[in-house]
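The chains carry the letters A, B, C and D, assigned in the order they are written, with residues numbered from 1 in each.
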Amino acid sequence: MCEYVLKTEGLGISFGGLRAVDGVELRVRKKQIYGLIGPNGAGKTTVFNMLTGVYQPTRGTFYLDGEELKGLSQDKINQKGIARTFQNIRLFNNMTVVRNVMVGFHNLPKYKCSFIDSIFRTKRHRDTERAMRARAKEILSIFGLLDERNLLAYNLPYGKQRKLEIARALATNPKLLLLDEPAAGMNPQETSELMETIRFVRDKFDMTILLIEHDMSLVAGICDELTVLNFGQTLACGETSEVLKDPEVVKAYLGD
Amino acid sequence: MEFLLTLINGVSLGGIYAMIALGYTMVYGIAKMLNFAHGDIIMVGGYSIFVFAATSFGTLPPWVSLLFAVLMAVIICALLGFGVEKLAYKPLRGASPLAVLITAIGVSSFLQSLAQVFFGSAAKFVQFPDLGSLSLGELTVSYSTLITLISTVIVMLALTLFVKLTKTGRAMLAVSEDREAAQLMGVNINFIISITFIIGSSLAALAGLFSLMNVPFIKPTFGSLPGIKAFTAAVIGGIGSIPGAMLGGILLGVVECFSNSVPTLAPYTNAIEFAILIIILIVKPTGILGKKRREKV
Amino acid sequence: MKNVFKKVVSFTLAAALTVGSMFALASCGKKNYAKDNETIKIGVSGPLTGGAAKYGIAVKNSAKMAIDEINAAGGLYGMKFELLALDDEHKKENVTTTYSAMYEDGMQISLGTVTTAPGLEFKELSKDDNVFVLTPSATGDDIVEYSNAYQMCFADSNQGTASAQYFNANYQGKKVGVFYKADDEYSSGIYEKFIASLDQSFKSAGVETATFTGDGLDFSTQVNMLKDCEVIFLPIYTEPAAAFMKKGVGVISNSAIYYGCDGLDGVEAEFGTWDEFMAIPQEVSFLSHFNSKAESGPAYDFVQKYNATYDSDKEPVNQFGAAAYDCVYAIFEALKFAKENLGKEFDESTSPSDYCDILTEVFNSDSFVFHGITGKCEGNNKSDISWDDSGFVNKQADKYVVKPAN
Amino acid sequence: MSAFIVKFKNIKWKRYTNYIGISLVLLVFTVLTLADSLPQSTLFLLEKIGISIILSISLGLVVGFLGELSLGHAGFMCIGAYIGGKTAELLSDVGVEGIFALLISVVVGALTAAVFGFIVGLPALRLKGDYLAIVTLAFCEIVKTAFENSSKESFGGPMGLRTPRFDKHYLFIIIFSFILVCLAVMQNLIRSKHGRAITAIRDNEIAARATGINVTKYKLLAFIISAAFAGVAGVMYSFANSTVAASAFDYNYSIEILVMVVLGGMGNITGGIISATVITFLNVKLTTMLTGDNAVLKDLVYALILVLIVIYNNAPALKYVRERYNIRALTDKIFKKRSDVSYDTDDEGKWDRVPTKIKMDELLSVDVVVRESVIDPDKEGKE
């Protein structure tokens, strides 16, 4: 067992000569809630995109549980155990809520069911379908979405769409969950609910969580450790309380 | 010699394709729709020239009557493009592009059958004053070919300047880039789209003229093949790109003529043109001059 | 849920009842849809819309004209004729629709299809029901494969061979070019037979071949390829031929000869005005059974009448129409012949199959000769037309010079 | 007995609507044809409708569920028709005829079409929306040209391939049986995890990748299955006609199939079946009703109906009218199933809500130098 669930080594990427992100070193321990913060355009989402295979890093590499994942395709990385949500919610809008979650089970070995099984509706197909539906309902009930399970995702209110996205990511049974600005667009009430949910997820699923967030109350409230990015470079990292006191960080956030 | 002649023929044909493709590209870039009825607007332009040239020949000098016919064709096509947009496409603004595509197909078929009702199915010969040809040593190039080519270049340059320099043109770019934002900035979307259709349809009328100068026969299905070819040309050049439409059109015309000039290849001309399209798109998924676009995650 | 159950049960019952009653109503055996006819119905399937529409429209108009003439003159022993003309758009998959609709509408005798491609489907269907077919213009050799089908036009192979023979006899020593439509069965069919029958001397001198496909009419490349030829064989229809000739002005030698088949008939009409056509410097001629530019005789009378009846500007007359006109009269004469010479009886409600038996017997009989406007007419006399047992027509074709070289 | 009734009651009938509908039609007409009381025009009409339904269902997989625009469906059908027809011809040479020849031809035709489905699916991995549409259109034209220029001995050249016609009294039974097969495959696929993966790609490709869906695999799978069934339709076509000519399978035909799918509604199999039936019926009826001089009005009427239907179905301004007066509202009224939340619907949606696919988003540009621009996909489709 490795000490770190996620470890990046000098992770960086250039777009047409511009170094968007450079030398990012993340060390995320098991069951940690780790924050990635920084001003707009600092390259936080780009880091997420590299970690999930959307972009291929041009420098450095990263490891999940000691296994190097650099160069794998997005779906392979997901199968290895990194799941994510998006800054702007990306649900399968024309599918029902329960099916959104069931898509997440796609690669789980226990729901293995070949294409031929499905075409002929064999016993295996029916069993896995039933099991998947039951499991999806479990997950939905955790997030309080059970009653809406047969609505189209498109019709959910904003807050519940966020939750559904997290539920879908969890359904893929990841080792590491990446949350991209989960509290964006939420009021303080919803944000504090969300904090509860994130903590609950960590405890219930033994999950390691890496999140990007602008809402400092949320960051200060739940993150164990932080990394601050500025202009694609690491500005500070360490315990949350200490990092937030760092004058450099304050300067980056508040300006001179 | 043979080679040069084929090349000139190809460039001339390509000029016609380019003219149509320019209209396609304009409409596509701004209204974001594949206007399958564009080819049939060429047909309407052709019939207008036929009607007005026939009625005014004899009473007016040939050149004047031709110019008069062309002018009428441009006006009729512009009105038609404007009307079609208002009646058939505007109600669907905001609906799925597929619905608009199907409507465009319906409009195309409607215009074709309307032409058959009015003019019959047989091809009509369109009289043109003989423009003669230019001799350069052994080479003879007809003036109609030259006119086609020069006009296409002029139209392309004019369009480029129009889009780059005028207020309306810049508004067009803005609408193309982000319709909502443009609207918020005070651009009148309906006006811009109408203007686009008017320009595109006027170009179609000109394309009708050049097609008729090349082959002086008009029939209800006159526009459908050039329409598809020009669409192909626009995609090869990168749909949405004005220079791309020109490039794609010329390329396609040259390929078509060279393929036709080799007896064993001639039956496969269409297949060759489409194969080139596929290869270009596989190598460059947005066509030669199309903007490369990356999706933001 | 109980409601649903009830509904399913009632629906099943209703369905069972419907099926049962349909069973009861069902009649066995082949139906004679013509039994309630008040006229003798002649059916034809042709392109009335789309790219080939002018051929179908000419056939429809001319057949209608012939039928109106016959009816106005008192019909056949008082029996009137009626035309059913359906649009197949020159597509063979539409023929099942047009044929079955006409058949069930009481069609007793058919003119088959106007064009070859749909005709290949028509012949199978008409053979199954034993319906008589006399096609005005479907030239494919296979059209008359079965015993119920006859052609008024020359078959492709005949045209190809006859043209080659004409070349062998008259154009020795000249350089030959061919321009044909590669994806068209009429054009490529004639081309193959033509090349097969052409003398070796032409071939060793080199026969230039240019082709085109589809609907495009820009032939600048093809004209270039054939510019050195002295005789150019054009087994194509008028529209591309006219486009070719127009492009050829100034490129192809003025002394060259354009030589086509029956598809070239009416090429001058493509040019709108006669003057415009005369501006083509080359000789234009074709081998055909009909000359729409005849200046006297039966063909002239027909054209005059057609132009007086229909808007010839919109849908000009051509040999398709003439052949259709002849087809109707041939059927009329054949029925007369059957009654008078063979003692056959028939009326408005006779079944298609019976008509087919009667007409096949007449058309196969050696003593039946039809006098028509197609074929070589001497002066004001109509031509002699007969059919051999395989369904091919016997009449004389002629080379018509539409215009001599300027 | 009561146990049976309970079980019977618990069946989710709506799942089986399509099967029941098609089977009832098949049953009624089979009985009628066995009683020899169907006129051949009805038989031919049924054949045509059956073929259209197979085409509509199969294209529905690519357009409605995968969300890719294909204008080349007739190309796959063309391959199926030629290869199936040729197989039947070769089989009849060795004495195999009738239903066995048909079944073997169907297998061969469908497999060949599936191979081409794979080949066409490959560019679909790189190209989007209208670019893919033109590539599929190009593919269709290339296939057509290739068969048109084949030698007489191989595929008959421009004359077309002569194919053995199947007994017209029974062919529609076979075609409708294949509709049932096609329905079974499509519906079982769509209602499985694989179908969900395909629908997920349609709804949001980026999210689908992030959720671990192998997009390449499922795009190809959808293209292959869709092409295979188009191939089946082609083989049926070759048995319904005595000749197969490539000229029939032009892009206009592809477009007609697309019209059926679009009018049927996105990801709506029942809708696709209904619109295929209506459109085919309309075409045939217009041909037989507008005869002689009126034939010219046929396309005019068809085009008008088409444009009006599309505008009625899609115009944003007519949304409220539409929601009150449509087939679904009507059936809901009859069956009183309007707000049954516990019921699992198929993943139907609205064409205009699909954000990532079938979009036309190229920008107007006057630049000769190619520039890169970033699009924000969340803006798309929201206009």
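We take it that a residue touches a chain if its C-beta (ideal position, glycine included) is under 8 Å from a C-beta of that chain, and two chains touch if they have at least 3 such contacts.
Small disclaimer: the values here were computed from a predicted structure and weren't measured.
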_If you tally contacting C-beta pairs for every chain pair, which pair wins?_
B-D
_Chain closest to the middle [Cα centroid of all protein chains]_ = D
*Could you state the distance in Å from the CA-based centre of subunit A to that of subunit C?*
72
_With centres defined as the mean C-alpha position, give me the subunit B-subunit C separation in Å._
36
*Which integer distance in Å separates the CA centroid of subunit B from that of subunit D?*
31
*asked:* Could you work out how far the Cα centre of subunit A sits from that of subunit B, in whole Å?
replied: 49
*Pull out every residue in subunit B that's touching 2 or more other chains.*
113, 116, 121, 267, 270, 297
*For subunit C, residues that touch 2 or more chains besides their own*: 49, 53, 182-183, 213
*Overlap residues in subunit D, where contacts from two or more other chains coincide*: 145, 148-149, 206, 296, 298-299, 350, 354, 372
*Name, in rising order, each residue of subunit B that touches subunit D in their complex.*
25-26, 28-30, 32-34, 88, 91-99, 102-103, 105-110, 112-114, 116-117, 121, 159-160, 163-164, 172-173, 176-180, 228, 231-232, 235, 238-244, 267-268, 270-271, 274-275, 277-278, 281-282, 285-287, 289-297
_For the complex, give me every residue of subunit B touching subunit C._
2, 5-6, 9-10, 12-13, 113, 116, 119-127, 133, 140, 214-217, 219, 221, 224-225, 257-258, 260-261, 263, 266-267, 269-270
*Quick one: which bits of subunit D touch subunit A in the complex? Just the residue numbers, please.*
184-185, 188-189, 192-197, 199-200, 202-204, 206-215, 221, 266-267, 341-345, 347-350, 353-355, 372, 378
*Would you tell me which residues of subunit C are touching subunit B in their complex?*
49-51, 53-54, 57, 182-183, 209-222, 224-225, 239, 242-243, 246-247, 250, 269-273, 276, 311, 313-316
*Which bits of subunit A are touching subunit D when the two form their complex?*
16, 52-54, 73-75, 78-79, 83-84, 86, 88, 90-96, 98-99, 102-107, 111, 113, 115, 118-121, 125, 128-129, 132, 150-152, 154, 168-169, 172
